[in-house]
């Protein structure tokens, strides 16, 4: 028992370094997902038929196929042979593309929840549709989307535990490595559980704080 | 199989005009005395929630065919009182009698039998959201009375006809207006052939223009001699149809009497005071 | 991609795998849902201590990546003297995980049933059982259906993590063949198509079910 505790203690700096890799990957993926997800959502709600079809196909593919399979397809099929991208960079992009599909659905739901009258009022004031959407609908929709978005963070964090399969040196990779070299599988797998659990809780707490911060009094209280 | 006798009790005091209300009262007392047992009686009902006393020894007795109205400010305990009578809120002390038979609320089976005979209409309708109007009326006939699907639907249909909603039978609650929803709730309660109806502010969740159609149903039932205890804020209605008004405040019945006594101009009753303020607000 | 390689190597391997995947999914789906109903009901109406335990279980399961749960399960059970083969360990992990996610939807659905309707049923003389069967369950299932349906689709995708317990499912067959032939791209593309077919079929079936269960205006705030 003592030996196990000592080994874990010794390996902590190494594993926590992996946590930074995990967090960096999740942050980049969330950001990619956000920058692609919002236009995808707007396109799916307001776009022309061909655009809507393209977007639904994109969403269908990324939501219908396990992340593991996507990681392999994109890394071995595109990112590595064509651009020699590292495992970590490729993983960030694939996670980001997947997240964009999910986030677009969160934002679409939020946009559709905004009463039609808001955009009509903007048009009646003479705003162009792009401005009406950008300055009236989206700021409201983004607030509505935050709970779903927090959830997306926790899903991405958990999904990122798969990127070690491509050879990225994240939390899971380092846990796996320590478990195999020390042959303390059980202890290290428990440690992994604790680490991911703590990151999830802390992350959700921070996002809840954000939610409070941009809350508009009386909005969505009915 | 229709219990039409219920609506044709010609000797019912409900058919008398409001001007004769005092006479009606003595008549109903006579009727009660002659039949010995009131249709429904609740005696000394008390209820506390936490340290707050919600009901303090409240009693009521309803003769057959009588309509009594409970009024009072919100928070007076009207709704709690009605729900204590059929055990939806278990009273701390007190007794309930149906046709002279004492009810033991601890006995679940007995309580269920009692509830089958005492219908309830709620302020917020409480139709079952996942069932059509027809099924809302039919389901208790099937699940509680054990009727066949066919019989229960035939009976439900005739009840819906009675409240004028036969053409809405296949619609879901969300597709009905508030007034229609409450009328379906009446059909649902009436289908069980209740001996007494408890009405918990049946019109107060309705838009003003929809109140009339629901009051019309209650008026029709009163004319037919249905025994009813109703909490309401509809003073004109109470004045016209009630045999007795109970004025409740802070969990107690403060005043009771015929509308003519309590609402006579210059009578100086709390009831009159309350009603005049109510009129101002409305 | 050469047609021979597809027909002679990829398809036979993946067909073998998809069969295992289906065998993994179906018991996990059924028992996971049943577990979710029990857990959700306990979390909604159980005594306080049971609610606490149920909530804690759900928080932990939702906060830890499934792959780590399988990792722990696979490493921990032998320590307790329980020896499961890879298949059984994977199914157990999937059931434990889906039950937690389903319970969220079931709990929400149960709590969202308007109390007034239960009072109305009591006032009509319903007993507990027929109230549960005629009023509570039909409404709760309808409300939980979209969320639980999504969980089924997630389960299909996350069943790809069964490789962790050395259970040779669709993804593991693809990984094995890829490691042997180094033709990652083709193999995983085809593997992706298999998953897309499975998830699309499930989505189609759930859509049908939702249409069948549709009630005008049900579930919307009045």
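All chains are identified by letter, namely A, B and C, in their written order; residue positions are counted from 1 within each chain.
Here is the rule we use: a residue touches a chain if its C-beta (ideal position, glycine included) is under 8 Å from a C-beta of that chain, and two chains touch if they have at least 3 such contacts.
In this text the structure is predicted, and so the values were computed from the model without any measurement.
Chemist: Which one chain sits nearest the middle, judging by mean Cα positions?
Modeler: Minimum centroid-to-centroid distance belongs to C.
Chemist: With chain centres set to the mean of the C-alpha atoms, which chain is at the far end from chain C?
Modeler: Checked the centroid distances; the maximum from chain C is B.
Chemist: When the C-alpha atoms of chain A and chain B are each averaged to a single point, how far apart are the two points in Å?
Modeler: Centre-to-centre distance between chain A and chain B: 56 Å.
Chemist: Compute the distance, rounded to whole Å, between the mean C-alpha positions of chain A and chain C.
Modeler: Once rounded, the distance between the two centres reads 21 Å.
Chemist: In angstrom, rounded to a whole number, how far apart do the mean CA points of chain B and chain C lie?
Modeler: Each chain reduced to its C-alpha mean, chain B and chain C end up 48 Å apart.
Chemist: Which residues of chain C touch chain A in the complex?
Modeler: Residue positions touching the partner: 60, 62-69, 71-72, 75-76, 79, 153, 157-161, 171, 174, 178, 184-185, 188-189, 191-192, 195-196, 199-200, 203.
Chemist: Can you list the residues on chain B that touch chain C in the complex?
Modeler: Counting only chain B, the residues touching chain C are 83, 86, 88, 108, 112-113, 115-116, 119-120, 122, 124-130, 139-140, 143-144, 171-175, 185, 188-189, 192.
Chemist: Could you list, by residue number, the parts of chain C that touch chain B in their complex?
Modeler: Of all residues in chain C, those touching chain B are 114, 116-117, 119-127, 130, 134-135, 138-139, 142, 215-218, 220, 222.
Chemist: Which part of chain A faces chain C closely enough to touch in the complex?
Modeler: For chain A paired with chain C, touching residues are 60-61, 63-70, 72-73, 75-77, 154, 157-159, 161-162, 172, 185-186, 189-190, 192-193, 196-197, 200-201.
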